[in-house]
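Each chain gets a letter, A, B and C, in the order it is written, and its residues are counted from 1.
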Amino acid sequence: MSRVLIRGGRVLDPSVDYDAVADLLIEDERVVEVGVGLEAENAEIIEAKGKWVAPGFVDLHVHLREPGQEYKEDLASGGRAAVAGGFTSVCCMANTDPVNDDPAVTQYILDRAAKDSPARIFPIAAATRRLAGELMTEMAALKEAGAVAFSDDGKTIMDAWVMRNVLEYSKLVDAAVVIHAEDCGLRADGVVNEGRMSTRLGLPGNPVEAEEIHIARDIRLARLTGARLHVGHVSSGGSVELIRQAKEDGLSVTAEVTPHHLALTDAITEGFDTSTKMAPPLRTESDVERLRAGLVEGVIDCVATDHAPHAVYEKDVEYTAAPCGVLGLETAFGVVNDMVQCGEISPLELMRRMSTAPAQIFDLEGGSLQSGAVADIVVLDPEESWVYDPAEGFSKSRNSPWAGERLKGQVSATLVDGRIVYQAGRGVLAR
Amino acid sequence: MGGLESFKPAPVDAEQGEERVVLDDTSIHRALMRIAHEIVESNADLKLLYLVAIPNGGVPLARRLAQNLESLTGNAPRLGILDTTLYRDDLATRGTRPRLRRTEMPSSVDQSLVILVEDVVSTGRTIRAAMDALMDFGRPQSVQVVALVDRGHRELPIKIDYVGKNIPTQPGESVVFRSEPQDESSDEALEVVVQSLAGSDSGLNPSQGVGELA
Amino acid sequence: MIGQDLLGIESLDRERIELILETAEKMQEIGTRDVKKVPTLRGRTVVNLFFEPSTRTQTSFEIAGKRLAADVVNFSVSSSSLSKAESLLDTAKTLDAMDPDAVIVRHKVAGVPQRIADVLDAPVINAGDGAHEHPTQALLDMLTVYQEKGRIEGLSVAIIGDIAHSRVARSNIYGFTRLGAEVRVAGPPTMLPPQVDVLGVKAYTSLREALDGVDVVMALRIQNERLGGGIFPSVREYSSTFGLDRAKLRFARPDAIVMHPGPVNRGVELSHDLADHRPSVILDQVRNGVALRMALLYLIAGRDFPQDQE
């Protein structure tokens, strides 16, 4: 039997609203006990004085690029980046090559992940074949193979009739459908938020209305169908209001927000750095404020990174030609911890948005430190300040708007299945 | 920006060092009249005279010289202004490019007896640049040089044909020609001063004498 | 300014703009000589890096460089021919290894000159990037207006056309407002950028109101590729509502001048008559373009200079 004792940390367990300085004892892959003055023989000790001990982070939205684009990322490097960022479970989107629209691909991802990744990896299968927005996928078979949700993320299902059928059919497998909400016609060739910056820079604008119109449509389709709708990467203040209304109406609607939409505005597109290009684009100060408020209130259920690695040479091109997306896994805590530092949210509630809430949305194990819970755990130093250098990180790619930036809040250790898989200063320890 | 007349010489900070007048308006007048006489004596066909002023200092001097020549011969010589900045030999070694001055050449210099007019000549580099520039305006019959002040320290084989006054200078000293106001008025007051720059051992090297190049 | 990039007018202060215009004014004289060449940039290399074809601007830079005795190399790359293996920035780095003294960049996408400048040692001059900036066009426009009117401060300038997609509009707005002019923009609502007040101008959808009492009218070119873009119904409707002719020009001051960055779509932005005759000053703009670009190359071209030796 292997034992790990995490001693003297501030234990944060959102599943039971527990927030106290305590020890946490793990035996094999399970949490045994949380309490004061715990002793254990032959246990590996993690001193956690001054640190937070929380359920491992759960990310509902990452792009790990395998199969097909392993030069950007693969399940091994993505898994290492995940645990380095405190994530013990990540859900990978279906826009791989081939697309994860077939149980064989789902199975392949799970097999590779089991061998290569220190983090748990859960595939999200495509909602329509080849992400074409036309024919729905074999959801039952995909669910059977291990898919945890369905999404065409990266593309939008523009045909409302198709979307209605996807939502209806998803009830058969009782899984959430994740939407990438952008009205493609209205977005047109927009690459930055439409507004003052797009006018100054002369780059084509993408108005918030392109997102809001689509979210409004799908909320109505969720009402029509009664299906589980999860809104990916919400970027506008107006979208927060639409989701709030849907929840008040009792619909089964959940939502996520990325660290970058919580922290950055379109002002950083000033230098035309393509590491600031993502879909949906960065918005304004007022959107950031409303997204942060939405997360605090719980209208936005969780933080998801939309970790989207791209090779340097792919981003070293014209702003309009560069692929969308930025890295997110390794910087997530350092970025969102700012909300605790600013007193906007309590540590316990932030941990809920990072672990317990997302785990519930996709019915995943995790998000709890209760006795008997799986020992997926993160130890965090909320006061440690560090400078992020993507070249030193675990992702294969470097496209981050935080390259060279100082962040406050660092992952000290990550445990998956009771094993220490990452420790600051020692790196990734498993696989 | 200002128009063509907008350039003004950089104001001299008098408190920086000592300054003594070596040529006042009257003596400059006298020198220019003497030079006009010498030009008349040395040149056969006075109709071919073409005075070319090197700005900024050369402009008021050439104007007065032209008046003197007209009063002596009854003919006003042609008068041009030629900026030498784009022909300088030190553009590649300077941190900033100097401001340009005006060039106004009313006609080609083909077959002319060109008289270059400069306020202070030292190294001879500006005269060299002026001759190169001149050749872009045609093929003169001859080129002669007027300098109100020759302060020595020549670095190129340049001969001054008509000198107002020789003023040998020490390191750390500079010779400055002033004309106020610098416009079409003929009543401008001219003077030449020698400045010894306070605390400047390094001073200006001869090729950067204020009067010649600044 | 040696070694400094010129990426846009937005980042230029008034003093810099005035130095450039004053220098350009002096450079004009060279164009009147028999021998239109000075030895100033002998031995220096100027590269025209044009990703988007533009015969006019490229030729203007080429003549400017040659009049200053620089070696001018034209390096045309069509964006589509950039292979996947060589990124935009690779191209720039390759070029930099050849030690140019100035690189002129034109691209159909906003921000490319900036990105190239980020990796280049040589100074970069933006010759037009997407709908962002076209600083040399604006500077030559300012020079033209200055020489016509004797001042820029206090003038009213109306820019007419597709403001949203116009780099010429942006650069001119920044330039003229920085020198103290009032700038108005006018066009169909679909051609006005969102929150245009951020640029420091007032927007009009009535040509008559926009022209009321202005000293300068600048018509922008309607890009043919916009025809199918759904932002205006037809050329005929555009020219009847925003095309300029002598009748509409009567709303402006009697001594107002008419400008156009060229090439003119005759009968669309300007009537035939206006395109060719006063008060339009289109050929002066072109002529000033060479002097202006000579001024920029004179002030900027070079690298590894000891700074501020004076």
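Throughout what follows, a contact is a pair of C-beta atoms (placed from the backbone, for glycine too) under 8 Å apart; a residue touches a chain by one contact, two chains touch by 3 or more.
What you are looking at is a predicted structure, and each value in this text was computed from that prediction instead of being measured.
Among the remaining chains, the Cα-based centre furthest from that of chain B is the centre of A. Compare each chain's C-alpha centroid with the centroid of every protein C-alpha atom shown, and the nearest one belongs to C. For the pair chain B and chain C, the distance between C-alpha centroids works out to 38 Å.
Mean C-alpha positions place chain A and chain B at a centre distance of 75 Å.
Remark: chain A and chain C have CA centroids separated by 45 Å (rounded to whole angstrom). Along chain C, no residue makes contact with two or more other chains. Note for the complex: chain B touches chain C at residues 1-4, 6, 83, 86-87, 91-97, 99-104, 108, 132-133, 136-138.
For chain C in complex with chain B, the touching residues are 1-2, 18-19, 21-23, 25-27, 29-30, 33-35, 37-40, 43, 68, 146, 150, 298-299, 302, 305-310.
On chain A, the positions that touch chain C within their shared complex are 194-196, 198-203, 205, 207, 271-273, 313-314, 316-321. Against chain A, in their complex, chain C makes its touches with residues 10, 79, 85, 87-90, 107, 109-112, 114-115, 118, 129-133, 164-165, 167, 170, 193-196, 198-199.
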